[in-house]
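Have a look at the structure below before the remarks.
Chain naming follows the written order as A, B and C, and within any one chain the residues start at number 1.
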């Protein structure tokens, strides 16, 4: 879309909306990094900060929703504008859920710090890395309106799912080895699950971006649980 | 941008408004003065007429024939003649004029021929009335042999006011908004249906006004009527149109000789006796009243048309 | 979602098939078994609640009119260039586009209104079904399409007559004189235009005493009384306030059950609300013609998108 709206304030408001989403996205990325960091370093302090900060993210989602609703009422957007505004509302929702999961990981971290450490975790940080990359990529795709990037990120979900399965198996063997590990392992499994759900939400964002740009959904394989 | 802004700021608005108000007052005042002058002249004329003639008005005056003695002279034959001639004039001028105006406006294609006809029609309105009299004399009285009758008088006056009626009809039709026409055609009406059901009814007020203007002019036209031979001393009335035996209506009155109000007035005013001048003034008052009545009738008809939308 | 809740939602839906003609989207279906009952429950009561006339007609029925390569000239100026559109029966087709794009010109070709003014020329065909006559053929008498097609104009233009006479106008023109028949048809026309209740006590009063919105509905009644096959609406609400506009849009929704409608509007939201198919015009050409949903959510042409999003025009 090379041209601008005839009414410049319309463009300005859309730019503002986009910027808010980016801001929120940046905060979410930050939260993820901090949560994983806390998990690996077993730092209760850092975990507490992450949990506290989640409110901010919730507030931003509200703000974005308000702004988008106002745009719907005042501008009667059509076609690409309509898709952009409605999908932005849904994307902010997905971002908020990702933020929630980051806070959940931080909560697990607090419990884990209380019990003795298990064997060094390799896979979970790897999962976190990919998830973070996915989130970053979809945010980039959103601002650049680049559907190829979004689709590429969308495909990486399988990787994360596979990694979750392997983490699960690994922790399962630890649990079977020594029952005293069960509590800690369960927390880790949940943390990994949270990461996997984060990746799912990033995938959702990728789908919305594709719809936003093309007006069509990404053709997908039958959904699985 | 800054320079013009500064220019605007230097404008003295109160003074500008003051000057505008002064101009308004001046113009309104001048208009008022002119109108008062015109009205007062008119009033003076009417009052003068009234002073002279009011005393002479009486039932006898209205129902007596003219006579050599001023105190016995009346305007019976004159006002009957005027009324009958006006009837014939209206009867001839309205259908012809409205028909012609309708044709020119709705049916004729817009080409050079129509333009020429248009110009001619408007010009005819300005032709001196005596020329119409000469035409009527040569054509109707001698060539057609119709004689010096009410019929011919009606015909010549109809010719006289025909351009007025045509122009009024055209203006009235033109003032009907195009939307009404489009609405009618969109419903599937053909041209005649549109004209008959929508255009003519809507144009009626305008046509009526034009007709009255024309008749008001005709009622006072003396020259053409004298030319075709209206008499100045008539001591009888035309035969009545309605009679007791079959066929109950006759048109002999059309063939009758006649006189008109203005002719009678002219005749009296030319006489030396002062008493006849009084008669003339009284007749003038009656003529004024007749004109006013005609106008009143037109206004009443317009009012009824406006109210009763059919 | 429980079946009971789904039923409650379905019951609240209006009994018309307005937006529910289209099959449920693929997305809903791919939800799988979980969504099965929900989807089935929603569609079935809707189909039952919808009256027989409101069953999907646009897709099932044929075309009422087919415009084939229509061109039109005002003198030397070509106002319409090679336009081909089908007009679906029992559906509302909207024509949108910037000023001067030819949408009103196009509409007025259907009932040969251009013939009222000299110097105009048609080329191509507008084929009226079921008999297949070409409306713009020189040999076709302009009165023929006008007797079968009704038109409502942008500015309400009631005749300077009574309300009754306005609605009866089309009937009188067709030679109907019997008072009882006229009475019935006038009442029917006014009822169809949702005006009967407001004027039934004052049918003999002047049409000019009505408000703007009422006058426009009167013009709609006038167009409907002679039972046309096709209804042409030329920006019918552009001179009306929002409430009157909404009432006429509601009217269009109802009329769609019975009549085929073509509406020209410069209000895109209105086109999106009332029509099933939309055509976008620009400088005498038809740029895009598609289902209304597609045009307004994901148009194929960039010019269409630029226009409807307010980027030009």
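The definition used in the following text is that a residue touches a chain if its C-beta (ideal position, glycine included) is under 8 Å from a C-beta of that chain, and two chains touch if they have at least 3 such contacts.
Note that the structure is a prediction, hence the values are computed from the model and not measured.
J.: What's the fewest number of moves from chain A to chain B, given that each move must go to a chain touching the current one?
T.: Steps on the shortest route: 2.
J.: Which chain's mean C-alpha position is the greatest distance from chain C's?
T.: B
J.: What is the distance in Å between the mean C-alpha positions of chain A and chain B?
T.: 92
J.: Per the centroid of Cα atoms for each chain, what is the distance between chain B and chain C, given in Å?
T.: 51
J.: Just the number, please: Cα centre separation of chain A and chain C in whole Å.
T.: Here the centre of chain C sits 47 Å away from the centre of chain A.
J.: Residues touching two or more other chains, restricted to chain C: which are they?
T.: Touching at least two other chains: none.
J.: Can you check the complex and tell me which residues of chain C touch chain A?
T.: Contact set of chain C toward chain A: 27, 30, 32, 268-269, 272, 296-299, 305-306, 308-312.
J.: Within their complex, state which residues of chain A touch chain C.
T.: 1, 3-7, 10, 76-83, 214-217, 222-223
J.: Hey, which residues of chain C end up touching chain B in the complex?
T.: Result: residues 111, 113, 116, 118, 143, 146-147, 150-151, 153, 155, 157-162, 165, 169-170, 172-174, 206-207, 219, 222-223, 226 of chain C touch chain B.
J.: Using the touch definition from the top, list the residues of chain B that touch chain C in their complex.
T.: It comes out as residues 109-110, 177, 179-190, 193, 197-198, 201-202, 309-310.
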